[in-house]
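Paired with chain B in one complex and with chain C in the other, chain A is shared by the two complexes that follow.
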Partner chain A sequence: MKLFRLQKGTRERAIARIVLFLVILTAVMIAGSHIPLDSIYVDLENINHPPGLTHLFGTDWVGRDMLTRTVKGLSLSIWVGIICSLSSTVIAAVFGILGPTLGGKADAVISWLVDLTLSVPHTILIILVSIACGGGFKGIVVGVAATHWTSLTRIIRAEVIRIHTSEYVMISKRFGKSRRFIALHHMVPHVVPQMVVGTILVFPHAILHEASITFLGFGLPPHEPAIGVILSESMKYLTSGQWWLAFFPGVCLICVSIMVSALGKSLEQIMDPVTAYKK
Partner chain B sequence: MKRISVFIGKKLCKLLLLMLVVEVITFALMEASPIDPVTAYVGASTAIGAEQRELIAEKWGLNQPPASRFMSWLSNILKGDWGDSMIYRRPVMDVIRQKFLSSLALMAAAWLLSGILGFFLGVLSGYKEHSIIDRLISGYCHVLISTPAFWLGILFIIVFSVKLHWLPVGLSVPIGVLQSEVSFADKVRHLILPALTLTFTGIASICLHTREKTIEVLRSDYVIYARARGESGRSILHNHVYRNVLPPAVTLQFLSFSELFGGAVFVEQVFSYPGLGYTTVQAGLRSDMPLLMGITVISLIFVFSGNLIADLLYLVIDPRIRERRTE
Partner chain C sequence: MRLEARNISFSYQDEKPVLSDIDFTVETGEIVGLTAPSGYGKSTLGKILAGYLKPDKGTVLVDGKSADVKAFHPVQLVFQHPEKAVNPRWKMKKILTEAWVPPEEMIRKMGIEQGWMNRWPAELSGGELQRFCVLRALSPQTKFLIADEMTTMLDMITQAQIWRVVTEYAARKEMGIVVISHDTYLLKRLCSRIVRLNE
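Entry: the complex of A and B
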């Protein structure tokens, strides 16, 4: 009876979700990085095989197994996602905390930088940055990080301003607590959870943008096993009816993106004491 | 009225500053690129020798130092000359005007459809909170947020063009038909799939926002009081929900110009639809600097005007803000 109730709890369910998704994502990552490149071999006897028991996702026009290519591509996407979201969080944390702390001109400049970044569509900015870096892995990472720090910066900045002006911080100051104490005991507990959740929620955007920009031809080079490359190659074979080349890799990409954002939301829910036990 | 003109004046100054900075950044980014514009232009062909390369570079002024090139480019802009596109060999503004018009048809259709559909789906979903309809609609929106626009386009091509043969695969006009013989119906047929793709990706955010707002309004004191007075569901929708939910939804739709433009780039690429998005990709892949800088400015103005309209609408639509302004 007690076990049954535990299962029904919102918090337990959120934790179960987090663990499940983490396991799946790590499994994909490990599987992807342990598949040797030569297992994606050219097999001209089995070209254009529709999805079936031997090849779950079918094979492409030179007989490569699409499931292997997809897993390889997903693990690459997850890596790009991790690096991009971590670096945009670092930018957001520095700007979001420095702005209100320094105040005045510095704060105005940072707000203006956010406006500037948002004034041009993300796609165009990523394309430009990616050209500046000469394309490839570096171009994608820098491009996505350079465009995705804005929303998190705004959130962190607002939070820091709110805490700075809150009563308990004022009281703390009157009691003669040092800036270090205030930063450690009042700022960190509020800002760090937001940063963790923010990082995870940037992740889906990052991998979708990575695939999209690679699809356009600005990102990862054609010889990499990336999802964007697979999808842009598949465009040539769509009209001859080989739908599986585009369908399964896309569905998998969407699944990864949904899993990560569900992970972020569950984490947000259990980290905030207000919503942790709420239905 | 005077307040509004002062407001617009301030905004225009802001726009000019943004344009200048964005152009400097664009120029610097293109300069920093290790991709040689001449190589990007001629491709991998070996038929072009070093001397001819020099000639091409000289014709485009590539052999001058970056700073002086930027200044001459800027002074030409002030005279209204945006330079010539390297890949289309026509004035940049001509190219942009032509491509922007065909993009505009696509974006306007998608913008209107996604706004209207998203709004009504959102109200329906919020009104029937926790019902099966609500779960279907919001589940669909959550999936759609995680779906890249170009993949949705590919899916539509697979279903509607390849399997069902209902609609053409791509381009904006039929192949092998003279420009003068292309009928309006042909153009519309070629517009349907790209516009639908862009619409479907645009619905999600407006729908989820409207749903949240509707739920919030339905939980408010005035709606509870209206229920207590015996107002019917329909009259509550008319008198309370629409009035409170519509203004922020319209504003949000104007603020989404940036995503609309970004989405159009991918959708046009998938359908080879010759609009501004497709041109952006071509200009980027072949390092057409003048065209790329022109497009950046146009996209900036496009996004900016969306934001400006949203701000102005707030001043005009919402009676609470309007009254305060005129006091």
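Entry: the complex of A and C
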């Protein structure tokens, strides 16, 4: 009900932002998956059309409408992003909770794995994993998921350790509360919001990495309408003045990243009791 | 019933013991002050009595037995900083009723307002939070209360209000209290006996 009171508090603004961005992103996804592939038809009478009223984003060298291709590419990117960030979160949750709970050697191995993964540049690791998995959609998803769980694992691990040693958990133990009670009532309310926000904040990284790997030619195959494919193809035409081929898809990709990132930060703000009701 | 610490020794590092061969006894219904300058192990002894730390040597006995670590501990400790002793993601009502459900009358006497129940800890002041922390430790199962600088950070009026509720309750339920403090006036006022760890 708070939404409709039209207050100007930060909480109301944060909720409005979340709703707005969710609507835009879902609209792009739905639009992208409902556009049939043959609507990106070759139209040789309308090649290299600059942006205008009939073609908002212009057309490419075989007359395909760039707006349609961009929307299609974005929805593919969003799918890759969703799958990658969800699987990264699952890995991070398992490692981040198991490490401090088992302690000792298990914790050391997990910390070592995190350091190892972080010490290799992301892009190289994604390319290697992607090739090892046979490339394509599967390769890129496995590659990105296998490299983006590290920072979230660190956050969750630190959070679990902090709560384990906090005074309120020690007091709870003196009250005779079980490990189950402490896990469910003391841990979950701290770790779950971190995981939700972490998942959303991994998302922009995932789609930018997907696009850059595809751009380099190691990711999605050329016939897929992915943003990375569009950008790498358009490089050949930039020198002949067709700036719109790269400009609009690139700007849209950055907009999606910024929107998802802002969505995550707004969600974090309203989920933390300390900032939840700040005016 | 008696809370008894026998030959307690404890050291945080190997070289220098904080406590060596300490004997300490409290009876139910008794209010004992525990004082010493900083660094003499007052809080450490409090934590050992309440089962937060294991002594290197010696035993803590409640009614002649060691306390069951899995059940409600009959010795409850109230910390100095309430903002660390409450889960920041719990509403105040859940915090207050974690161990038992205090009767309305005690909630009122403690000066806790009904409107606070639905708030988050971050929205209350330290003094307001400490009333919750004290009250939630006063369960009928609590036989001894260790008050480690429990009211040090509060103003005089709030201190008096909290101590009145606690001492009345202790007298009624035959609960023993250990008051750990630097404040000699407070100790003289409350305690029937004062133990100095530095002597």
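The criterion applied here is as follows: the second predicted complex is superposed on the first by the 272 of 279 C-alpha atoms of A that agree within 3 Å, B and C clash if a C-alpha of one lies under 4 Å from a C-alpha of the other, contacts with A are read in each partner's own complex, and residues count from 1 in each chain.
Here is the rule we go by: contacts are C-beta pairs under 8 Å (C-beta built on N, C-alpha and C of every residue); 3 or more make two chains touch, one makes a residue touch a chain.
Just so it is clear, the structure is predicted and the values come from calculations on it, not from any experiment.
Give one word, clash or fit, describing how chain B and chain C relate on chain A after superposing.
Verdict on chain A: chain B and chain C fit.
After lining up the shared chain so the two structures overlap, which partner does A:190 touch, if you call chain B first and chain C second: first, second, both or neither?
second
Of the two partner chains, chain B (first) and chain C (second), which one does A:109 touch, if any: first, second, both, or neither?
A:109: touches no partner chain.
Of the partners chain B and chain C, which touch A:19 in the superposed model: first, second, both, neither?
Neither partner.
Put simply, what angle do chain B and chain C open at chain A, by C-alpha centres, to the nearest 10°?
Apex at chain A; the opening toward chain B and chain C is 100 degrees.
Who does A:168 touch here: chain B (first), chain C (second), both, or neither?
The answer is second: A:168 touches chain C but not chain B.
Please determine whether it is chain B or chain C that touches the greater number of chain A residues.
B
A:276 contacts which: chain B (first), chain C (second), both, neither?
Touch status of A:276: second partner only.
Between chain B (first) and chain C (second), which does A:253 come into contact with in this model arrangement: first, second, both, or neither?
Once the two structures are laid over each other on A, A:253 reaches chain B alone.
Least CA distance chain B-chain C after superposition, rounded to whole Å?
Superposition on chain A places chain B and chain C at a least C-alpha distance of 19 Å.
Same chain A residues contacting chain B and chain C, which ones?
On chain A, no residue contacts both chain B in one structure and chain C in the other.
Once bound in the complex, which stretches of chain C touch chain A?
Residues 50-52, 70-73, 76-77, 79, 81, 84-90, 98-99, 120-123, 139.
Hey, which residues of chain A end up touching chain C in the complex?
That would be residues 166-168, 170-172, 174-177, 185-186, 189-190, 273-274, 276-277 of chain A.
Provide the residue numbers of chain B that touch chain A in the complex, in ascending order.
Result: residues 18, 21-22, 25-26, 28-30, 32-35, 142-143, 145-151, 154-155, 157-158, 161-163, 169, 258-259, 261-262, 265-266, 269-270, 280-281, 284-285, 287, 292, 295-296, 299-300, 303-304 of chain B touch chain A.
Please give the residue numbers of chain A that touch chain B in the complex, ascending.
115-116, 118-124, 127-129, 131-135, 204, 208, 211-212, 215-218, 231, 234-235, 238-239, 241, 243, 246-247, 250, 253-254, 257-258, 261
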